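You will see two complexes here that share chain A, one where it goes with chain B and one where it goes with chain C.
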Partner chain A sequence: MDSIFTADFFAAVLSGAILAGMPLLLAALGETISEQAGLLDIGLEGTMLLGAYAGFVVTNWTGSYWVGFLAAIAAGIAVSLLMVVFCVRMGRDQIVVGIAILLSMEGLTSLLHAAQFGQSYPRLDAVPAVPIPGLSEIPVVGPSLFTQPLIVYIGVALVFVVAGLLSRTNLGLDIRAAGRTPVALDNAGVDVMKIRTVAALCTGALAGLGGGYLAIVTAGIFVPFMTGGLGFIAIVIAMLGRGRPVWVLIGSLLFGVALSVATALQLAGINVPTDVVQMLPFVTVIVALALFARQSYLPAALAQPFVRGRR
Partner chain B sequence: MRDGWRFKARGPALTLVLAVATAIVLGGCTARSPEAGSPSPGSSAGAGGVKVSKIAVITPEKANDFGWNQQGVEGAAAAAASVGAACIVQDGAGYGDITPILNQLAGDNPQLMLAWASGYNTVAPQVAQQTGIATVVIGAGSDAANTPGLVNDLETDAQGGAYLAGILAARTTMTGTVAIVVSAEDENWTKMSGGFIGGARSVTPGIRILYVQIGQAGYADAAGGKRVTASAIAGGADVIFGMGDGSSFGMMQAVETEPPPAGADKVWFIDVIGDKSSLDKKGIYLSSVVWDFTAIDEKAISEVEAGTFGRATYRLDLDNGIKLLRSRFIPAEVWDEIETARQGILDGSIEVPLTTTGKEVKAYLGSGK
Partner chain C sequence: MGSAFSSGSGSPDAVVLELRGITKVFPGVRANDHVDLLVRRGEVHCLLGENGAGKSTLMNVLAGIYMPDEGSIRIDGREVSISCPRDAIDLGVGMVHQHSSLIPDFTVLENLMLGRGEGWRLSTGRAQDGLKRLTTTLGVAVDPGAETGQLSLGQQQQVEIIKALWQGSRILILDEPTSMLTPKGIEDLERVLRQLKQQGLAVIFITHKLREAFAIGDRVSVLRQGRLQGTIDRETMKAASATEMQRLVVELMFPGEAETLAHVAELSDLSELGGGGRAATAGEPLLELHEVVVAGQRGEIGIVEAISLTIHAGEVLGVAGVDGNGQRPLAEAIVGQRPLAGGDVRLAGTSLRRLGIGARQRRGLRYVTDDRLGEGIVGSMSVALNLVSKRIGTAPFWVHGRTRPEVIAAHAEELVREYSVATPSIHTPAGSLSGGNIQKVIVARELSLDPKVVVFNKPTYGLDVKTTAAVRARIRGLVDGGAAGALLISTDLEELLALSDRVAVLSRGRLMGIVRNGPGAEQEIGALMIGGEHGE
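After this line comes the complex of A and B, so read on.
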């Protein structure tokens, strides 16, 4: 069994970690923004599903991954409008609306897929990788970490964009204030509804893109219910990351690495019960983030509707 | 207070609207394809039996999955057609409480119902008792589940077909490494894994076989299927025996797009349950262990008519519905060898290993026998 440990194998394991971690990263980044603004988007998984479906359909039709990613973003924004209308504007229960969004999107995408692709199950070609000159030549790490589709590099860059947005801009300050002390923000003359709306739309865009990545890059196909709980794991990572995008990046990649290592352990024939191996990603992320990401806190007004004039 | 009143008064209403909207959307997934018709009570056939003029099949997912649900519906339709009976299809019923759906189906007065998921094993016998309609249940695991005239269990023993797939894989591999990829620890998958290992080792005792599971219940995890299969290919496997429902599409995607391992010029895929060869655009679909339920369903119909239904568990095996798909990629001499092995299994001269858990599969894999 030792001959399985080749450079190609280790490269595949690392690539698998990126494949598994990237949809989580994008969705968890989105959730981070909405949580900081006081919105708990339980329907994140539904948003990812519609993003996955839209991204797949458009890529399949147009042959362009980039148009597919844009469609996924648009679909995510469309779903998040439901959050905006019901939760931000009408102040409805975010948990109930989130669950309704999830169930609706599961049903809708399953229905559309059955009608459109039930007899054909088209698959997409692999998204071409873009090697980073120099770095891609490094053994094992080069062909895996530094030879990825462009969207992966963009995803990582978005971490720092979101981190900068939340910590270094007025909009970021407003977003965090909307989640912690929305009344104070309102008293300062800032429209809390508007800030929360912007946050919800950003969440939709990123979760939609995460779903699009899942269907276009990771799987190359759309299958009903294909998110399989990823949206909820993203929510957990966002909550454990507590508003710090870099921790969200670490958590997501840690999850991907643990998932990939679990596969590698099985392929290597390590005699560990499969159940234990399958727990590895979840345990790893929870332990790591619980130990090292304790310096920030969830917003005080999380999941609470803001109604002007009410204290 | 005003805002609080608004919330209390309108909140439930909004919830109701959302729930109704959700139900409408989800309801669209479970469109019944009926055969309308007024009740048509069966006339007497054999002693204690009834003439079967209508059967009903209810599946948890849509019957266009090229897998379990589609094979179940196609088998039922073919069996019904063979005796001139009508077939009512209720697909996409989900895995929840299907009692209302079963009662609705019973209202159409079929003489036989097929409850096509092991998750239906609690409610389907109850409805059978209430309505008196003969019902086939799946994987109850015990003869005690059988009730004369009412309930008959169906078990699947596809390991014989997987044994043949193992022979095919061993004859096809150029790297000497093949892989089994499963979506979950499912008894059907573990049985077939053992059969596959036995078949491959009957050809090449020292063949390297990788075994990997996508997740606890990764049936629809196409992304996981692709990721895990890609790792198996990177580990040297050039034949993938994939068992996974929706996730098998991800496995196929990996087989199509990943570079072959050193020593191989391409990677092959062997499927289970359904036949996806019509979806194969890149010539990678080597075969499939197909599950054809037609003969079992015909037997159920004949037993309902003869009044002998519910006496003995049905077993789908190499003798009555499990078969290895012959694709254009399988050389004639290899197919002859497979046919010889098939006869050997049927006449008992070849013993196919039985592994009912993942632990047993790993133990068998580690034994090297």
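After this line comes the complex of A and C, so read on.
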């Protein structure tokens, strides 16, 4: 048995965890911002899908994955405008709107993909990895952990950017207030709708980028429904993270490991039925919820529309 | 915007604020009906009126919470439009709202910084300095790092006042700021208001305590059913004696009832109403606390340590003490909202340790909470449902799992009439009632359906003079039958002396002693309270 746990195995799990965990991390960071502002974005998966599609198509056209990432962000923001219009401005039910967003994006991306590519699935070139000098030379973990596409380093940096935003800026204070006691924020003269709009757009951008990463870096192709539940796992990660981006990072890596162990097992020559393997991330969700859900913390005004003067 | 503090802007009593014909209609209520109000520079203008008179609504119009249906607002003689709180703040209007608008899981400092920041970075350091300056002038101690929700309601009220001053307001609206303050806190506030007046601020002060209005106010305006009943000017206020003033105001608030109310209004001698000096003939023990210990939640003050008390049938046992000395944990432990860390509570001989809130309710143990909006009512539910909300699923309102709307409605109609709750209908969401009327709903619910022992936590806060008297009479009426008892927690010593047979003094979660009500009780209680603070 001990022959499985070779250096190769660990290296494969680690690099796989990052490959699979990044889309989760980006989307869950986005969801964290929304949740802190009182918006529950159930449609996250839909946002990721459109981001994945836009990122893929644009990279395919232009040949530049950077332009692809920008397109993914733009697509995410476009989807989040639906949240802004229906939930923030019009005060509609966030769950219903979220589900509508998810379903319509699933339909839209499948349709566009079929119209454009039919049954063919063009591949993108692999995104080149950039080794961090020094760190990447550490034996075993070095080459897998510290030799990544630039966007991975950007993603990890975003964890600290979001953490700083929430805890050290006036905007962050306003965002957290909007999710807890919006009436207090309103009384203090801050426009709750504006704050929630900003939060929703940030979420769209991050979830779109997460989707783009999935198509451009992780998969290198676009397949309809390719997110396969990642958006919902990201929502769970955000809830368990309790508004703290560092925990979101840890959670995403954990789920990344669950997602990548399968590949690694196959690489190690162990054959596990694919059904069991594909269940792994969801089993992880259930276990994580069973262990930590008691500590999950949701802002008091989550999913509640705000209307001034309504009591 | 600095004009408020410069002496250049007009004569000392120039009109800063002028409301003309303000009308605001809610479904089924005309909350403000063509109200005119003038407020001058450097004055404290008291706004009085019964519960539901429209005081908070009028002030919310000024603070940008509601848009008026009609009318105009002038500030410094210039017509202004206030369509959101930001407009109000920019015009120098600051407001302490009737119900807390602090964020419970933010620290005091974070609450103060909200909406006040400039640029990107939170400037904690600057805020801390500002807070220190303000607390020194106000003579209060507030821990800037404390989680606001863990502070006592009195302390929270202080934080709110600091927050309004912090905004640099020139027109300061205080909507019942003293309802949770101790006499000492009120004195401090009076001193601060005098300072602010001297600096040229205009203060609009809403209260139900007439004595306070006369002590602090330069002028008094009275609202009734949305209309301005009249304003008593400075000269009259200076000339009139306290009793004359009281008659004047009560006549404006409750036209034609001044005679009948003369004996209840708070300036008269309250001891006639209460148990002061009653014979020591208490009935048998109803509620017994043996060495009750209550553990605090994270960082909470006022944990209860080994308290033993007995409430007898036919008795009101008062609990005196500064808010936040363990009163709420004690009350919650008795009614089952919080676990006992030690000791036992017995109701008519049976231990309640293993009984839940519902079971205790049905045995006649009731709780009038002081957290009106948090746990008192469900704001989006109708008044009728709120009146039976602690009886969900039980007869006669629910039979075999089916709701009986006619029974619930009949019950509600009766209570609304009995307690004169001002509501458009029993189907109106309880959250849209005025603060005092919400309090009436809570009291009505807890006193209906055969109460045995009622724990009252500040039962009359926010009630107008007339309703306060009515509720106090009910509390006495409840126990005077000899079958029921009451625990009355209050920070208002007068109320305790008016109603209690005995008064227990609580300090830092400990029982300092129990005083039998009667001549000299006030001094004894005072001595125990001071002893508690200086002890250890």
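Note that the second predicted complex is superposed on the first by the 266 of 311 C-alpha atoms of A that agree within 3 Å, B and C clash if a C-alpha of one lies under 4 Å from a C-alpha of the other, contacts with A are read in each partner's own complex, and residues count from 1 in each chain.
Quick note on the criterion: a contact is a pair of C-beta atoms (placed from the backbone, for glycine too) under 8 Å apart; a residue touches a chain by one contact, two chains touch by 3 or more.
Because the structure is predicted, anything quoted here is derived from the model rather than measured.
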item: Chain B versus chain C as contact partner of A:L185, first or second or both or neither; value: second
item: Partner chain in contact with A:M226 - chain B first, chain C second, else both or neither; value: first
item: Chain B versus chain C as contact partner of A:G16, first or second or both or neither; value: first
item: Contacts of A:E35 with chain B and chain C, given as first, second, both or neither; value: neither
item: Which of chain B and chain C A:E45 touches, first, second, both or neither; value: neither
item: Contacts of A:D275 with chain B and chain C, given as first, second, both or neither; value: first
item: Chain B or chain C, by number of chain A residues touched; value: B
item: Touching partner for A:S104 - first (chain B), second (chain C), both, neither; value: first
item: Shared chain A contacts, counted only where both chain B and chain C touch the same residue; value: none
item: Footprint of chain B on chain A - complex, ascending; value: 1, 3-4, 6, 8-9, 11-13, 15-16, 19-20, 23, 86, 90-93, 96-97, 100, 103-104, 106-108, 110-111, 114, 118-121, 123-126, 214, 218-226, 228, 259-260, 263-264, 266-267, 269, 271, 273-275, 278, 305, 307, 310
item: Contact set on chain C toward chain A in their complex; value: 60, 63, 65-66, 84-86, 88-90, 95, 97, 101-106, 110-111, 113-122, 379, 429, 431-432
item: Complex contact set, residues of chain A against chain C; value: 168-174, 176-177, 180-181, 183-191, 300, 308-309, 311
item: Sites on chain B touched by chain A in the complex; value: 3, 7, 11, 14-15, 18-19, 21-22, 25-26, 28-29, 62, 64, 66, 92, 179, 185, 208, 210-213, 215-216, 218, 220-228, 230-236, 246-247, 249-250, 252-253, 256-257, 261-262, 276, 279, 281, 358-359, 362, 365-366
